[in-house]
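In this document, chain identifiers A, B, C and D correspond to the written order of the chains, with residue numbering beginning at 1 in each.
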Amino acid sequence: MASVSRRLFMTGAALCSLLFSHAYAAETVKIGLVLPMTGPFASTGRQVEAGVKAYMALNGDTVAGKKVEVVLRDDAGTADQTRRIAQELVVKDGASMLMGFGLTPLALSVAPVLAQAKVPAIITSATTSIITQKSDYFVRTSMAGPQSAVPVATWAAKNGLKRVVTLVSDYGPGIDIEKGFTDQFKKDGGEILEAVRVPLQNPDFAPFLQRVRDTKPDAVFVFVPSGVGSIFMKQFVERGLRDAGIKLIATGDVTDDDLLNGMGDAALGVITGHFYSANHDSAENKAFVAEVRKANNNMRPNFMSVGGYDAMALAYAALKKTNGDTDGTKLVEAMKGMAWTSPRGPITIDAKTRDIVQDIYMREVKKVDGELYNVEFATFPKVRDPNTP
Amino acid sequence: MTPALETRALVKRFGGLVVTNDVSLSIRPGARHALIGPNGAGKTTIINLLTGALTPSSGRILIGGEDITEASPFARVKKGMARTFQINQLFDDLTPLESMVLAVGERLGHGTRFWRSLASDSQAAAEAADILERFRLADVMCLPTRGLPYGKQRLLEIALAIALKPKVLLLDEPAAGVPEEDRHEVLAIVRDLPSDVTVVLIEHDMDLVFSFADRISVLAAGRLFAEGSVAEISRDPEVKAIYLGDAA
Amino acid sequence: MLTILFDGIAYGMLLFVLACGLAVTLGLMNFVNLAHGAFAMAGGYVTVVLMNRYGISFYWCLPAAFLFSAALGAVLEVTLYRRLYAASHLDQVLFSIGLVFMAVAGVDFFMGGQQQLISLPPELSGRFNLLGADIGRYRLFIIVLCALLTIALQTTLTRTRIGSQLRAAVDDGRVARGLGINVSVIFVLTFALGSGLAGLGGALGVELLGLDPNFPLKYLIYFMIVVTIGGTSSITGPFLAALLLGIADVAGKYYLPSLGAFIIYAVMIAFLILRPNGLFFREGGR
Amino acid sequence: MSPLPRQALASAFLRRKARWKPLEYGFWILALGAAFALPSQQLLLSEIAILALFAMSLDLIVGYAGILSLGHAAFFGVGAYAAGLLSLHLTAEPLTGLILSGAIAGLLGLATSYLVLRGSDLTKLMTTFGVSMLISEAANQAAWLTGGADGLSGILIDPIAGLFEFDLFGQTGYLYCLTVLFAALVIARRIVHAPFGLSLKAIKRNSRRAAMLGISPNRRIVVIYTLSAVYAGFAGALLTQTTSFVSPDVLAFHRSADVLLVLVLGGVGYLYGGVIGAVIFTVLRAWLSVVTPQYWMFWIGLVLVALVLVGRDRINPARLTAWVRTKTGRAAPSAAPLAKEEA
């Protein structure tokens, strides 16, 4: 028993020293950035990191008199690694904020750490609706569930696409998006002919596409993660769905800016709804794109990247508001209701759900100066996650 | 009297090749029976059929009158069959003592004990030490088997079979590969095998066969060619022609 | 229906070209080479680099991918693999997994982690209708090419001197050596051939299977299934197994999309239970 | 009745072989000390202990029964999910959860053990792999139970036996994992030093001779395979309980591959191999992924390739100590207390 109480005391003491020392003594604020830098989701990690670095390059590394230091760790997309790394970043490295988290399970795995350590975590990529409900310390700057799918449904119904087949990757975000689209589409008078779910690790879309083709819908609505999106695009054209008069409508993941140009003319004319296009016309975006391209071997930033950029923007803004106080609860409070103009356009952090509220743009793939871009042609302002009231 | 070991019209084919052709043997209890024949006569195949390493294409095998044709190799052991191998099949990184405790323990039915330590099985340990002593292996029993001289390994090979207290013991060229200076040791052991054990000896070495066996079966091209006492076989001109002549 | 069958055959043929080298290394050298997919990946990246950076025609990239992977295979055989033919399967598994890891990280370093894309020549894209079935041009191209390759392979194995030497070496290395066959030369040549075919498969597969640094790990499973079901004693076994797998996979996804990957694993386990030594196992063969 | 000197010697030798070695004592004292000496490393230490238990369970089948498995994560994952579900729906008390999870994984092991009795190394490799992929797919499909691709969250674990609460620094977690690891090792150690363990070694080293000693291999392989599954289930349950989360990658292929590497790094067939391998692997990976987050896989691969080319035996820690002792002139039998070679 003696050892138990001793241990409790030690824990308490260490926790206190940790919190207080960082609140009042340290000149450096550490931000732990946990991303999949290896494994199947490495490109997510690469993009988010680029976004984070771009923000710091454009805005300096000091805020509210503190020097900001980003500690990058690779979790290889494995949840128990994510959880350990997050916990270590807090207790060992003294990180006052966490950031990153490439996939939903990775983000969810740190919820227990946040509850114990009371440190805010900004989600830069994972999109499943439920995440922000799992801890009061989660804040999101990427996208919330089917945010981008709902406007696509509305647009499709208005533009004469009445009979639609949905095709999504079979995992949390895919199912969220399928639901979001279906609900809205039915409300707007459309008909879902069939809902096809494809395995996440799927080499060959051909049989699924054949099935879609044989159903003869007006359009197929698609969500697949960005990496496989490009394969999907090619096979869509190769399978002759376009020639059969089936329109492709999708969330922006499919026409990921990072890969779009490599897809070739096959992608021309695809209609997608999403929160960010590298082609977005604003001063903020031009500076952002130029910076990412400069620092990363001419890589085009995508929506992951802008998630990382805005996470840093939010962190800076929150620190400014607390005057450099790194108490986790105060930081989260500061983040709530924060609104600013991001490279993607105007965004707000909802005060109640800590989730992002943003404009969703309808875009069409077009050639701009010899390169393929998602060109925005309509805006749905201030879209919330339809899954959380 | 029921034969200790009997085969009835045993046949083994590999594809189109008949390697054992209609072999019927009957070996009385306590016999010292030698199975000889030139290379390729099918001696080892017969051993493998008897021990269950191969399944016969047709024919029956009986031990003490009981049909074991379909029994698995380890089930045959439980029925009293043991064998040594032409090339040593030992547990290289166990010591002779451990191998022996294993063999004795299996016979005693202790092999499935998974909670009591090996050392606590004093019955098996005592008996193992005893057999090792008899086989002149006591002074090397705590060294890894792989380091032992070949003659000693050969002794262990036989000792492991004896530890099973078999009714029928199949010796596959027990003296093969043993250096000349250790040979007499192995032969002495073979000669001194308990008299109630039925021994079937597969051998090339005619001196050993003639000094050891009381009955001899001659195999040629998979068939049983001749059978008789030592005197009969050694006098048989046909055997000499096909076998002794070839072997010389 | 016919379209599904057609797609399945194309997929299966591609799998066969990718995996047959593995069957050979396993059968001939008794080597469990989990790094086989890395050679396929090498072929894929050669194609991508040649096409996208240097604008070389797709048709020239195919032999280039073959030659590059074959050369890579030969070099690795002589320097590394050769030492491990006698090693335990466990050692071989570890060694080849190590190679895969290095290949994955190395390609990631030089080429980046994103999906690689190529644009096929126009005559290979699109599709046409034949007897009510939609035939993709590129898939037809794959079927024809792979069928020709299979016939060529089969003829080489059965009709030529090197083929008979190879079969002798597969049956029994010691005997073959005794017959004066230079087994180590045979080994290098077959290893190079197997790797080259994988490279070619990788090049053909960029369009269908995609290409990123995790390619060797993602498709390892499929190669292993082809080899375990097909056995390693001939190339007919893996060929039929690959076709079966291709058709089962495509048909499964078409008719029962919700079951997804279940089908191929279940089929594999069923086969392994019924025929633990492969579908076309020969007694005495390895 | 005083036994003959030979027999006394024999018994004494067998006893000595099964006795705890000073190195073993040293190891456990160090492991316990680490809980207090390295307060900032408790999470890494827990990870090591869990991986060590997992690798030890694999050693029981690879090192003792000679079954090459590429799907051991099936049991780990089932244990992890079982622990998560038990704490959500039945009881949040960790010890009960641990034991039940082990039992559930063991049942799966028992059911699938019949599949690995036949065929070649490659067949077993693929069968184990296939089983683990099926289970992984099943967990993914049964989203109503397992949370699908999002994993199981919201798991709350009570204090162990109502006394010791899991803390943020992970000290309780580490001590808990270490205790389970130790208990598992003690049990496994007894079993491998009993006649049963010896007969398994015999089956693996020389199955022809083993059969001719009357050992029927199948039942014993079933038993050890089941035990191994129980251990893997324990390891999975520990992961769930110390992280309060189950993600679908507990069943992923890379976990099966990793654990095989871990085991081989440390050496096969003497129980401590998994433990030593876990220490080396985890420390190496933690270090490399800090030094070079994107490319650590390359260096792990290089280590593996080098390890095989140089020869595992020469690097195997047990071998090394044995070698050092022979060099320092101690007699051979006592000098190789742990070293066992696998075929």
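Note that a residue touches a chain if its C-beta (ideal position, glycine included) is under 8 Å from a C-beta of that chain, and two chains touch if they have at least 3 such contacts.
Bear in mind the structure is a predicted one, so any value in this text is a computation, not a measurement.
Taking each chain's centre as the mean of its C-alpha atoms, the one that lies farthest from the centre of subunit C is B. Between B-D and A-D, more C-beta contact pairs are found at B-D.
For the pair subunit B and subunit D, the distance between C-alpha centroids works out to 40 Å.
If you average the Cα atoms of subunit B and of subunit C, the two centres end up 48 Å apart.
With centres set at the average Cα position, the gap from subunit A to subunit D is 38 Å. Between the CA-based centres of subunit A and subunit B the separation comes to 73 Å, rounded to the whole angstrom. The set of subunit B residues that touch two or more partner chains is empty. For subunit A, residues that reach two or more other chains under the stated contact definition are 38, 42, 170. Residue positions 254, 294-297 of subunit D each touch two or more of the other chains.
The residues of subunit A lying in touch with subunit D in their complex are 4, 7-8, 10-11, 14-15, 37-38, 42, 72-74, 76-80, 83-84, 87-88, 90-92, 104-106, 108-109, 111-113, 116-117, 128, 130, 134, 170-172, 175, 200. Interface residues of subunit D, counted against subunit A in their complex, comprise 39-41, 43-44, 47, 140, 143, 148-151, 153-155, 163-164, 167-172, 239, 243-245, 247-250, 252, 254, 289-290, 293-297.
Interface residues of subunit B facing subunit D in the complex, by the touch rule stated above, are 51, 53, 72-75, 77-78, 82-83, 85, 89-95, 97-99, 101-103, 105-107, 110-119, 121-122, 124-126, 128-130, 132-133, 138, 141-144, 147, 160-161, 164. Residues 3-4, 6-7, 9-11, 13-15, 17-18, 190-191, 193-199, 201-202, 205-206, 208-209, 211-217, 219-220, 223, 332-333, 336, 340-341 of subunit D are the ones touching subunit B in the complex. Contact residues on subunit C toward subunit A in their complex (touch as defined above): 3-4, 7, 11, 52, 105, 108, 112-117, 119, 125-127, 134, 136, 138, 207-210, 212-214, 218-219, 222, 249-254, 257-258, 260-261.
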